[in-house]
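These notes concern the structure reproduced below.
Chains: A, B and C, in written order; residue numbering restarts at 1 for each.
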Amino acid sequence: MFLDIKTNERMELIDITNDVKEQVSKSGVEQGICVVSTPHTTTSVFVNEKESGLRFDILNLLERLVSPSAGYQHDRIDDNADSHLKAVLLGSSETIPIIDGKLVLGTWQSIFFAEMDGPRHRKVNITIIRQN
Amino acid sequence: MFLDIKTNERMELIDITNDVKEQVSKSGVEQGICVVSTPHTTTSVFVNEKESGLRFDILNLLERLVSPSAGYQHDRIDDNADSHLKAVLLGSSETIPIIDGKLVLGTWQSIFFAEMDGPRHRKVNITIIRQN
Amino acid sequence: MFLDIKTNERMELIDITNDVKEQVSKSGVEQGICVVSTPHTTTSVFVNEKESGLRFDILNLLERLVSPSAGYQHDRIDDNADSHLKAVLLGSSETIPIIDGKLVLGTWQSIFFAEMDGPRHRKVNITIIRQN
């Protein structure tokens, strides 16, 4: 299934942990894995801590590693080369184990959808595989 | 199964989307996931847009983040430390959902095999898991 | 299941290949995938070559891309913003195919647990999914 996400900024980290947990619960799967992935090329999915200062630091790191305008070739066609490059660095999917019907997330782990070319309407895919 | 890939440059992004789609089709799996992974330590697999300018920008970013010669320790043994480091940044696998017998790829998504120490003969593994 | 890992340095790459292979063997799964993931937000899992010089180069690259102290917001709360940022770059899981009861690892591939805020007691999750 797909989550619908409305982003509000050009770059924004959105906590989707509760939505993913809800799908795991609905699936009835007790042991397995949950794959969270994006069908977009200027967004990513990753897992880390939900702390407002750290969220700022993550976006700032991406901005520092990938300058928004550095004479990119892709900017001749579309004005978002940096968004694609940030997405390549973060990756398009994460896989999280399920044990006893629950996502295996550590105390400090949240699942984030990273918007890097918003604001837009986006989708995130959640696919749950049973261990058999 | 494995795809055989012949690369032609030291660094090169090769679109393997059609090959992966063909394996999904052959598998007959209707709902599930497709894992695309590399058995090499100087190549990667990632998903992003197939636009020639952007492909140049991605290789250029890797070259900027990981200088080809920076007095790496590994270069005392083999002359490809930068290739390994680029591979660590990009990761060795991607997992893509399958819905109704088709890979869930967004409009702009293609699957790339990233060669970072070519030219060589390479392999890519495709493993398809049914959701049951 | 979870592996228990005792790390000894602030930043350290620990080869867990044999532990993962042992679990694949115990599972009796002949064809499938093995997901190796971390429940921590300052550690990562990745696959690359086990060569001591390269391990130094990888840690050095992370230190160069993510300066240990750069006025991070998160450092006002906890003194490990750089550890989180390195973990975001490397990712929290890897998925490796299983063929004929064995992990599909290339000649030079080892599976690493990356500690970036040690020394600590850590856990790594190994989940094996059968292809059916």
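The rule is simple: a contact is a pair of C-beta atoms (placed from the backbone, for glycine too) under 8 Å apart; a residue touches a chain by one contact, two chains touch by 3 or more.
No experiment lies behind these values; they were computed from the predicted model shown.
Taken chain by chain, the contacts link every pair, so each chain touches all the others. The two copies, chain A and chain B, are related by a rotation of 120°, based on C-alpha atoms and rounded to the nearest 5.
Once the centre of each chain is set as its mean CA position, chain A and chain C turn out to be 19 Å apart. Residue positions of chain C touching 2 or more other chains, listed in rising order: 65, 89, 91, 95, 129, 132. Considering their complex, residues 32-33, 46-49, 51-54, 56-58, 61, 65, 89-91, 94-97, 104-106, 108-109, 129, 131-132 of chain C touch chain B. Touching chain C in their complex are the following residues of chain B: 35, 37-41, 65-66, 72-77, 81, 84-85, 87-89, 91-93, 95, 125, 127-130, 132.
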